[in-house]
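Next, two complexes with chain A in common: one pairs it with chain B, the other with chain C.
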Partner chain A sequence: MTNTEIRPVRPEPTRPRRARKASEPAATTARTRGTRLLAVLFLAPTVVGIVVFTVVPIVGSVVLSLFQWDVIDDPRWAGAANYREILTDSTVLVSFRNTLVFMVLAVALQLLIALVLAIAVNGRMPKWLRSVFRSAFFFPLVLSAASISVVMKYLFNQDFGPVNWLLGTVGIPSVPWLTSENGAMAAVVLAYVWQQFGFSFLLFVGGLNNIPKEVHEAAALDGASGVRKHLAITLPLLSPTLLVASVVGIINALQVFEQPYVLTAGGPGDSTRTVVMVIYETAFEQLRFGEASAVGVLLFALIMAVTALQFRLSRRYVHYQ
Partner chain B sequence: MPGPRTSPTASRVRHGLAPWGRITGLALCALLTLGPVIWTVSTSLRTPAESFDLPPEIIPTNPTVGAYSEVFDQIDVWLYALNSTLVTALIAAGQMITAGLAGYAFARLEFRFKKSLFALVLATMMVPLQVTMVPVFLELKTMGLTDTLLGLIIPAFPTAFGTFLMRQYFLGMPKDLGEAAMIDGAGPWRVFRSVYAPLAAPGLAIVGVLAFNYHWNEFFRPLILETSTENLTLPLGLVSLQGNLGTGSISVVLAGVVLSMLPAVLVFVVGQRPLREGITSAGVNR
Partner chain C sequence: MTDSLLSRRGLMRYGAYGAGAAAVAGVAAGWDRLIAADIPGRDDGSLVIATLGSAFNLDAQRALRDGFREVHPDIKIRINPVQAYDWSDFFSKILTQIAAGTAPDLVYVATEGVQLFAQRLGVPLDRWAKRDAAELRSYFADVHPSLVESMMYEGSLYQLPVEFNAADMYLNTRVLERAGADLPDNDWTHDDFTTLLRAMKRSNGAGFTPYFWTNRLWGGVVPWLFAGGTNLLAESKAPGGDWLWNSFYPEAQRRGRGGGYRWTTPLADSDRVAEVYDYLASLIQEDLCTRPEGGDGRNLVGVFSTGRVGVTPAGGFWAGGLHEAGMKPTDYDVRYFPRRHTRRHQFGAAGYAMLRTSKMRDEAWEFIKYAARKDVMTQLFAANQTTPARRSMVDAARYRETGPAHWQVFYDTLDKIPSTGPIPAPPQVNEVEQLLIKHTGTALASPGAVRPALRRLQGDLEKAMEREV
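Coming up: the complex of A and B.
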């Protein structure tokens, strides 16, 4: 913390204090002291909480990942052994692959649906109708992922589930959603996207509202067609929002747990076992806290890497107005 | 789920034609989005024998609330609802207090390390819960808080996002108000208490509603922390309901789902605006 204090970026906060000190010295020293005390009191709950429940645990995770520990016996130093073990464990490796496949499918689908719907809702229509649509697409977000996963389990049932019945009415043969590897992944992705697309949708609606109307009017005067208009104008202007939506979407997708846990329990086989499910099972079912922490550290590294990569790529594609 | 038909029709707006194609597409998508919820409610009102019927009847021929009374027989709904309410309400209240205070300090008070502390708070938004869960569990264990509701509540008090939101909120208020009060002799606490805090109510409502919605639905932390039946929250009770019954009758499980949804729906109806604003500001400000 001390070396950040040396950074030259700090003139702003000190300036008003000095200015006041010059004009009325006696009153302000008491006041500054009061302000500082208040700041300490106001920040204490948040900062102490974050240090105790986030900062220390991050360090703890890294340390723990170097030990073997089952809570009962004393922890034993393991060095890199946990990492070597999980990197050769096929279940762990498959869970990383599943999570990445899930992430790509879920985020792509979620962004596409949200974008199309946000542009459509943004078009001309009565005000009340717009708010009806907005509420409808937003609604799944308020439900619990666990309970909607219970519902989805029935919806996707191969024999009596309404999804297959609905597909049957348009002539598509019954799909073994939860009992085949690809079907299970598809069901988990669809259940997740169904609940989550409203989040990106709201971000896009907000982003679209920030685009000045004149831009589209000018494009229309120049004879741009609808699709062209959206590709050439809306998308670039929306790119900062797209970046946020994809960063948040990816971070959330890499942590998926409820849907595969309730819907498929990771199966069939390991086909929908995700990284977080592996962390949960390793730590709290098998009591292998060291290995579980090592998987957690790898997941954290993956999230950091993907996010950094995204910001890097975005430098070329994101336009700020 | 999506209607690809919505995007081409959107182009017609430009010509000033009635956008019926687009609106029909949107209506279909809205129907698909609400479909699972409608199905859940209507199936929960059917008799067990009819609960598997296809095509599903939207309005049951013999509506019954039998499934609901069955839920109350199977699991202790009242206890789980009480636990959920207690946990969620305390977390929401706690977050409003901590985020309100910290947000104000970061927005309006001067002190050393302000920037680095704020950077620390923001950085923790990036840390996934699952990565810290094992050490947090061990910390709670040494504090004797595993398998207690308090163990769920206390770690959820500090909120990086809420702090960020409240900072933005306080930054948006005119500085002159506080300065005027200071000239009239008010100390820093008085300025906060009498001038800015009352103005912050709508921002605090956003923090509260977001917290309520998130923690009411929370599954992962309670799953790890709570082992005794009397400490379960509704989402956990619900999944256990499903386990008890296997595939016996879906109407009972779905009745449980509907019961657990009710407060979330209430929050949706009452707090839709703050919730939407909270989410939208996540995109606009970051």
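Coming up: the complex of A and C.
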């Protein structure tokens, strides 16, 4: 065998981890180790918090959903009985339907109102007036949902409420806001949207400010109308913000409790009873914590599924600059 | 190697930070600070009494606490007022405290929760009541046996009632005047009632509601069921209780008494119940009353006192509320509930229940006796926010300032109508009330909805009553 002998070159096996390590300095510096340690130290409290206050309760709920427990006596093993019970309970099934209907109406209305107002506030107006609008639209979000609902209950009262009085002044007959199925859902949605749209509004205002003015200016030079500019430029460039607002909005809407609880107590009949209301009533009023946990687990699964679907769809509809 | 040097310095710096943080933490740990154990009465051997926060005002609570300390200086007590929207909410919070291991010794419990607490959490008071019979004789002589019977469960006594409220009918006299109507006779009927509401409607403008009612167990559809000669659940009496009746009540008053009420088979799909719902539906369709869900007791005093409502069911508790709202004693009056097949009325009562978890049972009993004393109840109920369970306290002097003129109705509802009884409140009461509210709303939502809704109510009640609490 000579030195000129040509040997087939055997490629080194691909080992990305080794390759990355080879690209690093010969030895990991103490500074890097220190930085990593610091990063871990900073993250640790949050991770511990998430584990203690989120992961453990979720696991606890799943475990509890397999038991019968009334707070007073020790839990008894129930297996899948709680799930069988709730899946045949018409109130539970109706509450899931109501919650989905509420979610669709509330989130659509909330995003629409927030977007329109954000575009309006982002238009030409004095800076101080813009601040006034921003504060006014955000203000309901910092109020307690229960307090707002108490006020709304008075406003929507069919017999003595100012809303019907106002409608009456323009000849619209009294609307049974809280005492008819459609009226009650409408009142709950309106009360919820009034409080919640401020969050999406702020997100949209931030998102609109991030859209380069030059793009709109170029479109204007090309003769695009105002509506056209918003449809063709604003909305696509705002789609990442829309995704965040809709994900948060849907998660919140699926957990709605205070507004229907205070305004209608779930009625008339079950027409505004939501899943979280059923969880509360089953656990704290009927002392069936196992079944309540089972409903909670199903709601958790629903939220996860809807959120995953949103992110899946976002690949097609969300445009990043 | 510069990096290496820097790293050592860095490590020393982080070490110094760590030592500093540990020192700060150590100082903070050693600092005097407020912790849960510092709450007065917590874990110091106090007798803990949970009351519905809104039931007594702060002065009354202070009087209750200070007065008891004077009589029993050796017993430490702590009043724990629990804020809650209604009894159901209150019980939920008490159960949460029990689950958290901070159960009170005594809980103020109304009829709604008597059987739930008795079955699951309560201690019968029989042995103490027998032991102190001589001391209690004057109390029982002053309290109607119906109230006492409503606090019994399966032959045992669980509470001494200190207050009650029967559902009578309040009428706004200014609205009556505008309608050209007199105060109805105490023996009035449903027809008289409907006629009066129509007259009120005619003589008052838009925005006026003749009859206002709420959708709940007490004061909702139940008094109408009682007047209609029926109930939500079949009613019977548990055996036992002779020890109490024979010791404290004369023959005439103890006849027919038992060991407490039993509510069993649902009656929601019976013709009598449907008849009552049909009547209420007709009032709604004629626009003579609010829809039940529209009624909310929180703004009721306001709309009644300003003349936007003519009639509403309430107990003695409303005298104080209307007085505070500025109504003069002559601005309103009270009558029995209009009769249909019977004149039976409903009531709800309240008293202190002793919990099984209590380690201070003898001390708790002393408090129960103390709270049922006339002088104590006089202090507690000075504002007429309820009807005292002691007959002798319901007198002209009490209602001189607040009204109503016919205050006698409050206790006469028990004394003159012997059939008057408590609202149906089995141990499954929370679910029963939820179902009643839900299906009443549906039944009265549209014409023709009564019977289908009552059939669903019947099915759901049967399921609830079969369930172990």
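In the analysis below, the second predicted complex is superposed on the first by the 271 of 321 C-alpha atoms of A that agree within 3 Å, B and C clash if a C-alpha of one lies under 4 Å from a C-alpha of the other, contacts with A are read in each partner's own complex, and residues count from 1 in each chain.
Following the convention adopted for this analysis, a contact is a pair of C-beta atoms (placed from the backbone, for glycine too) under 8 Å apart; a residue touches a chain by one contact, two chains touch by 3 or more.
These numbers come from a predicted model, not from an experiment.
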Touched partner set for A:297, first chain B, second chain C, both or neither: first
First (chain B), second (chain C), both or neither touched by A:218: neither
Which of chain B and chain C A:267 touches, first, second, both or neither: second
Partner, of chain C and chain B, that touches more residues belonging to chain A: B
First (chain B), second (chain C), both or neither touched by A:281: second
Touched partner set for A:305, first chain B, second chain C, both or neither: neither
First (chain B), second (chain C), both or neither touched by A:181: second
Which superposed partner A:125 touches (first chain B, second chain C, both, neither): first
Touching partner for A:160 - first (chain B), second (chain C), both, neither: both
Chain B versus chain C as contact partner of A:93, first or second or both or neither: neither
Chain A positions touched by chain B in one structure and by chain C in the second: 31, 34, 38, 71, 150, 153-154, 160, 165, 284
Interfacial residue positions of chain A with respect to chain B in the complex: 1, 4-5, 9-10, 13, 16-17, 31-32, 34-36, 38-43, 45-50, 52-58, 60-61, 64, 71, 109, 112-113, 116-117, 119-121, 123-125, 129, 132-148, 150-155, 160, 162, 165, 190, 193-194, 197, 199, 202-203, 205-207, 210, 220, 225-227, 229-230, 241, 244-245, 248, 251, 254-255, 257-258, 262, 276, 279-280, 283-284, 289, 292-293, 296-297, 299-300, 303-304, 307
Sites on chain A touched by chain C in the complex: 29-31, 33-34, 37-38, 70-72, 150, 153-154, 157-160, 165, 168, 176, 178-181, 264-270, 281, 284-287
Residues on chain C engaged by chain A in the complex (per definition of touch): 3-4, 6-8, 10-11, 14, 88, 92, 95-96, 98-99, 120-121, 206-207, 209, 215, 290-291, 293-294, 296, 298-299, 303, 308, 430-431, 434, 437-439, 441-442, 445, 453, 469
Residues of chain B that touch chain A when the two form their complex: 1-4, 6-14, 19, 22-23, 25-27, 29-30, 33-34, 36-37, 39-40, 52, 54-56, 97-99, 101-102, 104-106, 109-117, 119-121, 124, 126-139, 155, 157-160, 163, 182, 187-189, 192, 213, 216-220, 223-224, 234-236, 238-239, 242, 250, 253-254, 256-257, 260-261, 264-265, 267-268, 272, 275-276, 279-280, 282-284, 286
